[in-house]
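Next come two complexes built around chain A: one with chain B, the other with chain C.
Moving on, here comes the complex of A and B:
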């Protein structure tokens, strides 16, 4: 493993070492192409296989057998000659396939002939009243602490939301001896009926048995409240209680920690900043890149695999990584591609891995009241802009997230809309009775992750700069 | 069905919006046509400098006229546009640069312009305490400042519409033609006709002028800007350097805007720009050297807006030299934002009265004889 990229040019640069990125990098290295894998974490694995090479958790059953699949992927990658750089934050990518990457506080640029983005997913915003209070965090953040440091909550803990990750996290916390006082399930009752047409595919998918077992395991130990239709975090400067309505009845329970989760959405930040075309996905309620069957984006040379290409889960991500890499190998080295598994085989694997996805997407489609806030609920936490502020701006002419910047600083703070973007789009769409596709999204720009001025100032001068100085 | 209006303004930047607004104030009913949305390009994403300082002499009268409007901007558009006036300072980094500054101020004074003032090292230090000790002085324009460009352009657009302008956004003006003394323009399924056409289409204006038989030496450029995270307040005026490409502004909330004119690659047809990080690194190095307080600030965003730059860096402003009823207002060459309010007022005077007391005669399109192209 290296600390900085050893060269300025690569055939292949893969961004993200989660399931899709690991598979893509292994595939291209297998084909003999010069391959660089850049990943922001301290070790490979992404979120699903986080800390796969270093986790202190040794009892395999505590994190579940799926987690350990990642170890095989890492092994395969290490067998090849892929250059892997961890703690490498890619902050820029453009249509010339030039990549700005920060490693250990220093930035450099590498150029690729093909780029595969495997930037994974982000948790969907969950903008309920009080969600910015200390003591409220996302389930994903809790899972990160659990996987990398075996830290589990020991105070009064409430988990609220829905989706497979919520149940998985609850099971993982309980197995590691953590405390959960109550689970508030926000799944809309109507979703069960809407999802019925997809139930057969789901029942015959690997998700079903696993999901059912997880839910049973959790329900045996924790009180689960279903049909939660309203939710608020309450406290003065610190979470004190969680207030909710279920079955028409309001309840308030004291809590030190509230973990929120209502599914994940593609992490599109880098792809959008590069200029890749995206469209609104009405089923998954998020932006997804426009891709062909091999994951190629609207920009020549950039392909996207894994959850960043549309939520599909870890198993599908691995196959999509292989498919995208295979297509790219075919473009650069057709002879080498012939030795890789045939596309038809991969496509069949993908179809199998995606079985049951439509059911999950429909069942766990979050309700509008948990996606689209109102009143004084904060939307943009960087600049403390509320839902009402945004609706007021719409009333006097703001038509979309970018236009909104003429009225409010929404999306102009340190996170540049990476946290509030979906909320702003959906809120404005609802207020203007338009589709999110019509409303649009923030124009994202590099740096996709902030870099310091000192770091940019220290970028090595290019040859042209040096020449310009010599010429005086 | 063709709708007849008093004027057709093509381009919803600060200039088109300001002209539409001032035409309304003069009692006309214009239509404003913007292919994207008002302020989508340079007008909404520029550095927001409200600057009379260091301008080309032929455009100084327009700049001074504009400054008067800026100082009462709320009265005009019911919005303060976040305009703040803490002056703009041009910093000389050495004696040679200061000598150039001295000559410049003397030249302006001889022409009767007094807005630029030579300052010594002590006054420079008073105005910009954070500046490096080695700088011997510079020039200040004390009434200058900065505003929020997106807020400003949007405010002009909103006020124009309130006063009766018809605004069409998201559809391009096509098939621009003159017949029977009227200008005709198609906007999607609609058609507008008017005796007056104002070409304020920014980076797209050169094509319109050329199609109407008035080609000019213009290129499309995309100057880059960066904004940082909040840092403790350390500077009030906008600072520009005499010798290097850098402009610098700290906002009230602590964020710092770094510009100066390094260029991105524009892809005009896609409304897209590709940033040149190696050039932005040059700006970062300059700030790093001059303002140590900035070193640990993080850069949260970099961007570039698409605009028109003339070969002589002067705008094309005034009546067409070929067609009756056609007016040009484009090519502001990286310094058009401050001119917007005044240019709209003067353009309305040219259209309504046939003349203006503000000297703009050196900015006309007739300065480009075909032999100069």
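Moving on, here comes the complex of A and C:
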């Protein structure tokens, strides 16, 4: 079934139905504003609450209590008057708050008075040798299959990397009867010391008890190797083994499936294409939008909430969604805003939700060798460009990611830099002895997801549109 | 590589992969159904012809590109299966007319 937005104009358009988007849309609808929620997936939930309204996993405890929080958010949204369109791919957003959206193979435009981008996060690229081999996936990919289709690994499975998601996924796989042969923990030992100053906030946050319990649960069943300093996927056309170095010793284990994870980073494509100013975040090692305390971006009328605003986790995302929506309601309908929870309450909730984050960011800061590859390791998966190719281009004059496109086509494939952009920035920064901020990022433009020329040509046109291009 | 949990009680959906009937479940994405099928469903890239399987399953990596009901370059991880759907494993770039 294909549904399209019922109107051309809305007070409020939210893009992304994850934690932040669900909360933002519910808030605006509660305030009586006409609200449209556009989401690319089959159902609401984003990644954290993926398939929340349809998961075949009926044993609730297997997914954990944090997951089912999403059901309340969806219920709150459905209680209001928000118009929700799933399988809607937003490919354009501009300064006039005009949104190009592709639904069921056809595109149209809607206009908003306020836009909240809740496009969330994606997993940080993990460019190790062999990461393009069939059989190598992200941990998030396995979790997506687990939540939406109750599918679990059953071949020889290795999970490698670091961060809270890795342990949650491992526990979920085991609870559903899946197989994990080994976990390779890449957390750098020095990070434990670096994270110490933030330890008190972390110990008194909810993350601590939950994280410890998960790690205990997993360690009781799976061999965990810590201090992994080198990692490679090996095979000819298909993953055959995983090779790693820990404690100065190399080991190779046979594997059918390797799941990689080293944290998540903001999904910036749509915001950057709209022209929102971003800065390099030296702690989280990624681009983050420049925002005020209510999530308002450098472009009038566009706010960003959730992990797309900088990684803060699901609980923080929900509160950021409410804060951004409240600020927008205040601008459009101040009387209605007075009935919403006061800003001070929301800010206090946010501070609570963000407690412990600095500790996690510092402890799970990925090591340089897993972010900045060398030699024949592929950086750009779409155009199949290696680290050496990029360094060679730098040697003959490529100055930044945008020049590099002309030399090697990096970032010009269908993923539009989502899987190589951070690596290219950091690799070129290192090669040219500059900061990532100085090196910059790809200049992103609409359409931020590929659409066909036929679809573009078929977009409804006004008389003015026709006049602008027809002579005489 | 993957197996279905026994608690999954969703109704079956029959799809065709390169003409062969494959059992999927209602609510599966095309990519999930392909990975669950146990068949060799590796596509090959447009640039070098290297074999690939889905990497991210969330719509960002484009390694799940597949031909669905005659339309090439679809992101299999974003499309739900439907009864009788015809899937072709895409070898190389999208062909003209597909």
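To be clear about the criterion, the second predicted complex is superposed on the first by the 461 of 472 C-alpha atoms of A that agree within 3 Å, B and C clash if a C-alpha of one lies under 4 Å from a C-alpha of the other, contacts with A are read in each partner's own complex, and residues count from 1 in each chain.
Keep in mind that, in the parts below, a residue touches a chain if its C-beta (ideal position, glycine included) is under 8 Å from a C-beta of that chain, and two chains touch if they have at least 3 such contacts.
Please read all numbers here as calculations on a predicted model, not as lab measurements.
In the superposed model, A:414 makes contact with both chain B and chain C. Look at A:100: by the touch rule set out above, it reaches chain B but stays clear of chain C.
For chain A, the partner with contacts to more residues, out of chain B and chain C, is C.
In the superposition on chain A, contact of A:150 is made with chain C only, not with chain B.
Of the two partner chains, chain B and chain C are each touched by A:450. Of the two partner chains, chain B is the only one touched by A:275; chain C is not.
In the superposed model, A:403 lies in contact with chain B only, and not with chain C.
Within the superposed three-chain model, A:334 lies out of touch with both chain B and chain C [touch as defined at top]. On chain A, the surface touched by chain B in one complex and the surface touched by chain C in the other have residues 413-414, 450 in common.
Against chain A, in their complex, chain B makes its touches with residues 37, 39-40, 44, 148, 150-151, 153-155, 158, 228-229, 253, 270, 272, 274-275, 277-278, 280-282, 284-285, 287-288, 294-303. Chain C meets chain A in the complex at residues 1-10, 25, 27-29, 32, 35-36, 42, 45, 47-48, 50-63, 65, 71, 73, 77-78, 80. Partner chain B is touched in their complex by these residues of chain A: 92, 94-96, 100, 109, 275, 396-397, 399, 402-403, 405-407, 409, 412-414, 416, 445-447, 450-454, 456-457, 459, 461-462, 464-465.
Residues of chain A that touch chain C in their complex: 40-42, 47, 51, 54, 56-59, 87, 89, 105, 122-123, 132, 134-138, 140-142, 144-145, 148-155, 176-178, 237-238, 256-257, 267, 381-384, 413-415, 418-419, 450.
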